[in-house]
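Structures follow.
In the two assemblies presented below, chain A is common to both, partnered first by chain B and then by chain C.
Moving on, here comes the complex of A and B:
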C-alpha cells in the first residue's frame, strides 16, 4: 500500500468513525444514563455510571408502576405477526406479479407502487373511522392490519427485483419435473430469496416497533399499548421521570438490536447481491 | 420411448413470427438435432415441445397423443438446460429426487433410479454434494441424471454443452452419444454448434428464420445441401460461393459462366439462358491443379495453419475472397498465384431462389 492509499484509507475511516459515533452516541447516552440516579443524569450526562451514581431506580419504577411487560408483549406480537404477514403476502404477490402475466397485472403492480409513494399516515382519519366501524378499535388486530398495509408495497417492490434475478431456467426445470406451482414458490423460489427476505424483514420490523402514531390513535387501554406508547406515560407536561423514560427506552431498543444482529449477515448479502452482480 | 409429431406449428409474439408452419416427424429412439443460427427459433421449438411455451397454432403429438393442452410434467418429457438449472439449495441426490416426489414415484423406486443414474453418469461419489461444489462437467452430468430418473419418453437438450470448455465438451459429447446408445430413447437436441450436430445426430434439422430449411442425415446435408442456407451453414470454414449466370443452352446442357471461375457445364433441366445461379464449392474439395470440372484462379493472401490442415485465403479475380484447404507440410506462400479445381460431385449449383440445381 502506498502512502497515498494509506492516507486515503485513514481519511475514509475517520469519516466512518465520526459517523458511527454520531449514530451510536445518543443510544449509548440513553443506555448509560438509564443506570444512573436522577441528579447524575443532569449533573454529568456524559459520564459512565460509577459506584456513587449507579442506580436501577428507573427500571424498578418501570416494572412497578406500569404494565411494561404487557406493552412489551403487545409490541412483539404486533411486530412479529405483521412481519410474518408482510413477508408471506409480499413474497407471494411479488412472485405472482413477476412470474405470471394476467389481465390487470401491470395495473395492479402500479397500484401497489403507489403505496410506496403515499404515506399511510395521510389516511389516519379514514383508518380510525374504518377500524371503529369494524369494531376493531383498541385491538392489536387493528395495528397489525395497518402495518401489513404499510409494509406490503415496499416488500413487494424489493422482492420482485430479487425474484427477477432467480434464473428462469430453475422455474422451467421445476415445471418439467412436475413440481406444482405452489411448491415451486415455497421450495424452489423462497429458499433462494433468503437474503432478500432478511432485508425486507429488517426494513419492516424497525418502523413498526418504533411507531408511535398508530398505537396512539388506535389503542386506548393499557392492555393494548405498545412499548413506544407506554414510555410516554413517564413524560409529563410539568414533570418528566427521566429515570423511567431512559430505562423504558433502553428496553425498547434491545429487541431491535437482537433481531438486527441475527439478520445482519443475510441483510448485507441481500443489500449487496443486487448491486455487485 | 416415443415418437414425436409436429404439425403446422406456429409461434408469434405480436407481429414477429418466431416459428412459421413447422412440420417434423421424429421416430421412436431417434436422436434429432435442431441446429441453426441464434434467433432461428430452435430453442423456441424445443420449449414448445416441452410445454414451457404455448403455440400460436398447430399440434404436437408425443407417443401418438395430442399434448397441446398438457403441462410439461404430463407430456413425458425431461429437459436438460444450458444453465443446468440445478436447485442450488439441494444436494445432488435431492436435485434428482425432488421432481419424483410430485409424480407419485414411491421412495424405494426413487432410490433405485437415482442409484442407477448415478452409476451410469459416475455420480456416486457426488450424491451428497451441493451444486456450488461441483465443476461444470459434473453439474451437467447431474442435470442429465435429473432427466434420466424421470424415465421420460422424450429427452430434450437445450444447448447442454455450450457452458463447458472445449475439452470437456468433446468428452461430454461422447457421453451423451453413449447414453443414447444405452437408453435407446428419443432425443431432441438443440445446438448452434454444427460439430455437435454432425457427430450426435441420426438426423439434423437445419432451421433459419423460424422455418425448417432441411431435414436429413448428417452426411446427406453435407454432400447434398438442399439450398444455399444449408450449404453455407454446414461445414467449416463455410462453403465458397461464386456468382454465375446461364450463358447458353446446347443439347440439354447449360453453360454456366461467372467472372471468378472458368465456365462449366451442367444438365440444363428447366434452366433458361440468363438465369442467375450460385456455384458453391467447399474449401476441403478444392485442390491445386490445371484443369477440372470446376476451376478458379486466385492469389494467396493469407494462410491459417491448424496442423492437420491449413486454410489458404485467396483473392479472386473479381476482388472477393475464397478459401481452400491445403493438406500436408507444404503450404502456399502469400502472393503466390494458384489454380484450384474441384470434381463434379463436389460442385453445388443453386438457382436464384437458393434451391439446389442438379449437376
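Moving on, here comes the complex of A and C:
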C-alpha cells in the first residue's frame, strides 16, 4: 500500500468511526448513567459507573412502581403470536400466489400489495369502532389482529421471492409420488423458507415490538400495555426522577440491543438480500 | 414474474383447485381485508358523516372537508401541521438521505475492513423504538443534564448551546434531526445493498481508464443506484407523513411549544382521540385520516408516474 492509499484508508475509517460513535454514543450514555447515583448522573455524566457511584435505585423504583414485567410479557405475547401468524399465513398465501396461477391472481397480488405502501394507521377510527363493537377493546387479541393485517402484505411479498427461488423439480417430484399439495407445502416448501424468517422479522416484527400507536389507541389498562407504551407512560409520570427514567429507558433498550447483536448478521443479510430491489 | 405453472397443478380438478386456493389464501386474505382494507374504506365513509352529542350519526357529504379546509378553527391547525410535516420531510431528504448515501459509499469502497462491525453499529438506532430514542435525546439535549452543553463547551462552541427542543424556532428541526439520526440506517442499508450489486467489471473498467474512487462513485456508482435512491425517498415520504410517535413522546399530544412541532399524525390523534383541550371527534378524525390518505396517495402517484418511469433501470 502506498502512503497515499494508507492516508485515504485512515481518513475513511475516521469518518466511519466518528459516525459510529454518534450512532451508539447516546444509547451508551443512557444505559451507563442508569447504573449511577443521582449526584453522579449530573456530576460526571460521561464517566463509567464505579464502586462509589454504582446504584440500582432507578431499577428498583421501576420494578416497584410500574408493571414492567406485565408489559414485557404482553409485548412478547403480541410480537410472537403476530410473528407466527404473519409467517404461517404469509407463506401459505405466497405459495398459492406463486404456485397456482389462476384468473385474478395478479389482481389479488396487487390488492395485497396496497398494504405495503398505505399505512393501516389511517384506518384507526374504524378499527377502534370495530374492536369496541366486537368486545375486543383493550385486549391483546385486538393488537394481534391489527399487526397480522399490517405485517402480511410485506411478508407475502418477501416470501414470494423466496418461494420462486425453490427449484421446481423438488415439488414436482413430490407431486409425481402422489403427495398431497398441503403436505408438499408444509413438509417440502415450508422448511426451505427458514432463511426468509430474518428478512420478514426486520420488516414486520421490529415495527410491532416498537409500535406506540395501536397500544395507545386500543389498550387502556395496565394489564394490556406493551413495553413501548408502558415505558412511555412511566416516563411521562416520573419525568423528574432521573434514576427511574434512565432505568426505564435502559430496560426498554437492552432486550432489543441484545437480540439485535445476536441476530445482527442474519438481520442485515436479510435486509440487504434481494427482497427490496 | 412467476414461472409457468407445472402441468400437474393445471390438470387438477376445478373443485380441488378451488379448495386448495381457499385453504392457502383464505386466512391471509380474510385478516388483511377485514383489519386493513375494510377499516381504510370505513374510515373514508365515516368522514362523510357527523355525529351529535347523543351519538347519532347523520350524512353530511363533504361538509367535514369544507370545515377542515375552510373554517379557520380547523384549517389553521391543519395547514400548520401540513407545513410542519413538509419541513419534517425536507429535513429528512436533505440530511438523512445524503448521509446514508455517503456512508454507504464509504462502506462499499474496496478493502475497507470491519465493514460488518460498522454496519451493525450504524443500524442499531433504527432498531430501537422511536419513543425510547425521542426520550433519550430529550434528556441529552436538556439544559438540566448539560451533556450537550458540556460537549459543545469541550470543543469551544459552548456559546452555541440553546434548549433547542424548547424553542419555537428550533424545536421542529431538532426533532427532525433526531428522527434522521435514528433512520439513517435505512437508506444506508438499502443503498449499500444496491452498491454491492454493481458488477465488479464495470468498476474495474473505470479504474483501468484512470478514474479515482471519488469520480467512480459520482459518475458510475451513483447513477446506477438512482432507482434505489428514489425508492428510499418514497419510503421516507410515506413514513414522514404518517409519523407520530416521536412528536408524541417528546412533546405530547399538543405538539408544543405553541404547536410548532405539530404534524399531521399528531393533529389526527388530537382530532380523533381528544386531549386536554378538546373532546375526541371520530368523524372529523376520519376526515383528517382521509386527507392524509390522499396526500400519501399523491406522493405515491408522483413517484410511480414521474420518477419511476424516467429512471432507466440497468439489468446486470
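Simple rule for what comes next: the second predicted complex is superposed on the first by the 224 of 277 C-alpha atoms of A that agree within 3 Å, B and C clash if a C-alpha of one lies under 4 Å from a C-alpha of the other, contacts with A are read in each partner's own complex, and residues count from 1 in each chain.
Rule of thumb we're sticking to: contacts are C-beta pairs under 8 Å (C-beta built on N, C-alpha and C of every residue); 3 or more make two chains touch, one makes a residue touch a chain.
Treat the numbers as computed from the prediction; the structure is a model and nothing was measured.
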Is A:24 contacted by the first partner chain B, the second partner chain C, both or neither?
second
Given the superposition on chain A, which partner contacts more residues in chain A: chain B or chain C?
C
So, A:175: does it touch chain B (first), chain C (second), both, or neither?
both
Partner chain(s) touched by A:192 [first = chain B, second = chain C, both, neither]:
first
One more residue to check, A:159. First (chain B), second (chain C), both or neither?
neither
With the two complexes superposed on chain A, say which partner A:78 touches: chain B (first), chain C (second), both, or neither.
neither
In the superposed arrangement, which partner chain does A:167 touch: chain B (first), chain C (second), both, or neither?
first
When the two structures are overlaid on chain A, which partner does A:213 contact: first (chain B), second (chain C), both, or neither?
second
Check the residue A:37 against both partner chains and state whether it touches chain B (first), chain C (second), both, or neither.
neither
Looking at A:143 after the superposition, I want to know if it touches chain B, chain C, both of them or none. Which is it: first, second, both, neither?
neither
Find the residues of chain A that appear in the contact set with chain B and again in the contact set with chain C.
172, 175-176
Looking at the complex, which residues from chain A come into contact with chain C?
8-9, 12-13, 15-16, 19-20, 22-24, 26-27, 29-30, 41-42, 45-46, 85, 88-90, 92-93, 95-102, 108, 111-112, 114-115, 117-130, 145-146, 148-150, 152-153, 156, 164, 168, 171-172, 175-176, 181-182, 185, 206, 209-210, 212-213, 216-217, 228, 231-232, 235-236, 242, 245-246, 249, 252-253, 256-257, 260-261, 264-265, 268, 271-273, 276-277
Complex contacts: residues of chain B adjacent to chain A
47, 50-52, 71-74, 77-79, 81-83, 85-89, 98-99, 102-103, 146, 150
Which residues of chain A touch chain B in their complex?
167, 169-170, 172-180, 183, 187-188, 191-192
Contacting residues of chain C [partner chain A, same complex]
2-3, 5-6, 8-9, 17, 20-21, 23-25, 27-29, 31-32, 34-40, 42-43, 46, 99, 103, 106-107, 109, 111-112, 114, 116, 118-125, 127-132, 135-137, 139-140, 145-147, 150, 181, 184, 189-190, 192-194, 196-197, 213, 228, 231, 238, 242, 244-245, 248-249, 252, 265, 272-273, 282, 285-286, 289-290, 292-293, 296-297, 300
